[in-house]
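Take this structure first; my questions come after.
Chain nomenclature is as follows: A, B and C, assigned in order of appearance, with residue numbering initiated at 1 for each chain independently.
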């Protein structure tokens, strides 16, 4: 069957289109990006090579770059340690109620996840509006006037509010992953635990969670990637403000290139972004792989 | 089929009824949290803008102002943008599905030297953020005159969905027995035929899932469309909301109507195909 | 199948396009998304007349709100997709990079002298001895206010000092009215206000330029005090809307137009508030303007007017119909002042005749202009490199969010000016 499974012409026909598209739309642009990152180009007009000056400035003298990385880490932490456990708990609850009710609830929980980020963001920008938004109307009605702040521009609440929008939209996905993961837990191992006299918290911590480890780890990897990639939500709501408190690297590089006319600098940010994204993802995956082996 | 459904969560009958009530109450609160914002926007999309500024917590549309939708439809260029979205999304979804199916087949079922390398390369596509190509693509795509064209959007839309789709297909294709192709091959069938009439039908669930998920991803994509397209007649649907912010910055009701109209197509699609999204998640969660 | 169909349709369009022949399409861009009232409507009127005068000409306009529009133009410059004719700004921070990159065509000064421009207006568009754009508006920094809301709150005297202005806040807040709004998200209005305050303190409008030229420093006491005043106004006085720093141009203008805010800190190009059909009759009848208040101990006078010529129109050097584009500018220069003033849509950079039918706000603006004893020219954020502008705006955002002290702010500004001066 070597002729069937090892046919080189066939392999070439199957693989080349995909690889070609990826090289064209991913790899070559990154090559260009690297080239421009070594210049002081404004995006138009003449430019000079500046060597690694842009990189040096980003790494040594640009607090906004570090701020945006820290924000991504905060988002990651909130996603992993708050959103995920809640989604898991909810998924577990849904697994215990009737199929029909569970399906209805799951459909509702997932609605935000299918909508365009533009719709979601504008939705929440309006809800957070201090003049006519329903959140502050509600707070004032409840006599909590002092809490009715300007959510997206108050330095104390801006990052939290932006993270809330992101978590809110991502919640459906987390729930769905965990629910479908729970559905794959074989009946036998759980029954065996019940026979052994385990209470349900014990069943969860000793049997189900370890069984779910692959699912949990892949959800976390996905969360890590998407936390780093946040852009549109920020771009359409706070645009990184107030100050640079809600800045994320993808927004920042866009602003540098197209607002500050520092196209070369923006490309340097872009390259560092790739390095960080690939680096962190590989790191997290390694972490889980070795953990998985211990298990 | 699954173990948990039948496990009673609250054993002691005393707390049972209360427990059940609390459980449902909890779920309902979450459900409200997830859909209320949408209902709020819809509510004020059929009222006068001034109503939004009123003192009431929520004003019900006792006299619906459907006229807002007429304005959103016409001035938001909903139809034009909808057609553009359809052109870009349908072509990118079809191509991405076929190409990733081929990639998955070659990397899971065929035997060749560079297979691991190719699989790793495809995996890399999952990690590279699309935003890193936003700046250089201006220069690179412009070489081919692809900036401000639909093709210039379709290509990255394919490229950025390939990796995930390939992974999804790979999960499904791994499970098929090799004897399938072997007997077809001995019957004299060639690759195109084997793939199309033997493998594809077996992977049908995965194909539907890939189609739906890629559709949603590309349909909702904003930043590339917003950056690369400059001719109004080429723009895609999410842009109409942006368009409204300038033109009707003072008319929130029409803006809300526009948001509702833009939200509708994926919602409709979701209600028809939610089963496939769910099964896609299974594949993604377990094999991802 | 769909692709093939789309391709077919595209080919068909192309084919018919060729046969229709000689149709020239001018692609245009501006920051006036509302085409049905005020300024946008005037431009549409000019376009209609221009098309009638030049048969076979088609005009396609792309419009965005102010800041997104500036961003778009930079993107188009990178992608070599600039519109044939577009609205831009005469500033060093915006026009000069396009001039340096040869993106815009030089114009013949003599062709435009005859259109009654206010002295200095055309000159603001000159770089290297050549004219690159035609000015459209005479811009003054003023405070708009809603007479009815003032009366409702029992305010009878217009504030002439910053202290009086601040003292008004509680009267409005008690009525559930926001005392004052402006566009904080885009930061430039606050940046202009910073320069304005520095002038009110020092009585010398040339200080920012001197600081950019590194003859003095942005860390000098004048600027620190101006920064402190600005921070007080925006964070402590309870004057501005709560979400100042996320309110964009449209959102803040809207709060004023909807009667939710009593005052609106903005430029004279918003003259059209008095005739904007999107707002109620009551609002339009009640909108008026007053001079930016002075500081009690400052050396600046009430009639020191912060004014400049910002908005302009330019023709892209890569346009295939440059001559037609220049012709359009001439047509625009001829028709704009008449149409804009007739509909009270904008305060043009050309001389206009006062009429008894002018809206109250138009009359006030004319008076403010006539009263002026000294004018400032462009605010410092637009007098240097694009990067200085970005730094300036970011620093202003931090200052007005209360994230940094006035001293830190001045330090940041000075560091950026230092950097910019080395680049030049």
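One rule holds for everything that comes next: a contact is a pair of C-beta atoms (placed from the backbone, for glycine too) under 8 Å apart; a residue touches a chain by one contact, two chains touch by 3 or more.
Just so you know, these numbers come straight off a predicted model, no measurement behind them.
Between the chains A-B lie more C-beta contact pairs than between any other two chains.
Chain centres here are C-alpha means, and the one lying farthest from subunit A is C.
Chain centres here are Cα means. That of subunit B falls 40 Å from that of subunit C.
Work out the mean CA point of subunit A and of subunit C, and you get 37 Å between them. Centre-to-centre spacing of subunit A and subunit B amounts to 15 Å, using the average Cα coordinate of each chain.
Annotation for subunit B: residues 53, 139, 242 touch two or more other chains.
Along subunit A, residues 131, 257, 263 each make contact with two or more other chains. Among the residues of subunit C, those in touch with two or more other chains are 75, 78, 260. For subunit A in complex with subunit C, the touching residues are 42-46, 125, 129-131, 149-150, 152-155, 237-239, 241-245, 255, 257-263. Of all the residues in subunit A, the ones that touch subunit B in their complex are 1-8, 10-11, 13-15, 17-19, 21-22, 24-26, 28-33, 36, 90, 92-97, 99, 101, 105-112, 114-119, 122-124, 126-127, 131-132, 134, 137-138, 141, 168, 171-173, 176-178, 180-191, 194, 200, 203, 214-215, 218-219, 221-222, 225, 228-229, 231-232, 235-236, 250, 253-254, 257, 263, 266-267, 270-271, 273-274, 277-278, 281.
On the subunit C side of its complex with subunit B, the touching residues are 2-3, 6, 33-35, 60, 62-65, 68, 72, 75-76, 78-81, 249-251, 253-254, 257-258, 260, 278-279.
Remark: subunit B residues 1-5, 7-9, 23-24, 26-27, 30-31, 33-35, 37-38, 40-41, 52-53, 57-58, 99-100, 102-103, 105-107, 109-112, 118, 121-122, 124-137, 139-140, 155-156, 158-160, 162-163, 166, 178, 181-182, 185, 191, 216, 219-220, 222-223, 237-238, 241-242, 252, 255-256, 259, 262-263, 266-267, 269-271, 274, 277-279, 281-282, 284-286, 288 touch subunit A in the complex.
Within the complex formed with subunit C, the subunit B residues making contact are 49-50, 53, 86-87, 90-91, 138-139, 142, 147-148, 150, 227, 230-232, 242-243, 245-251.
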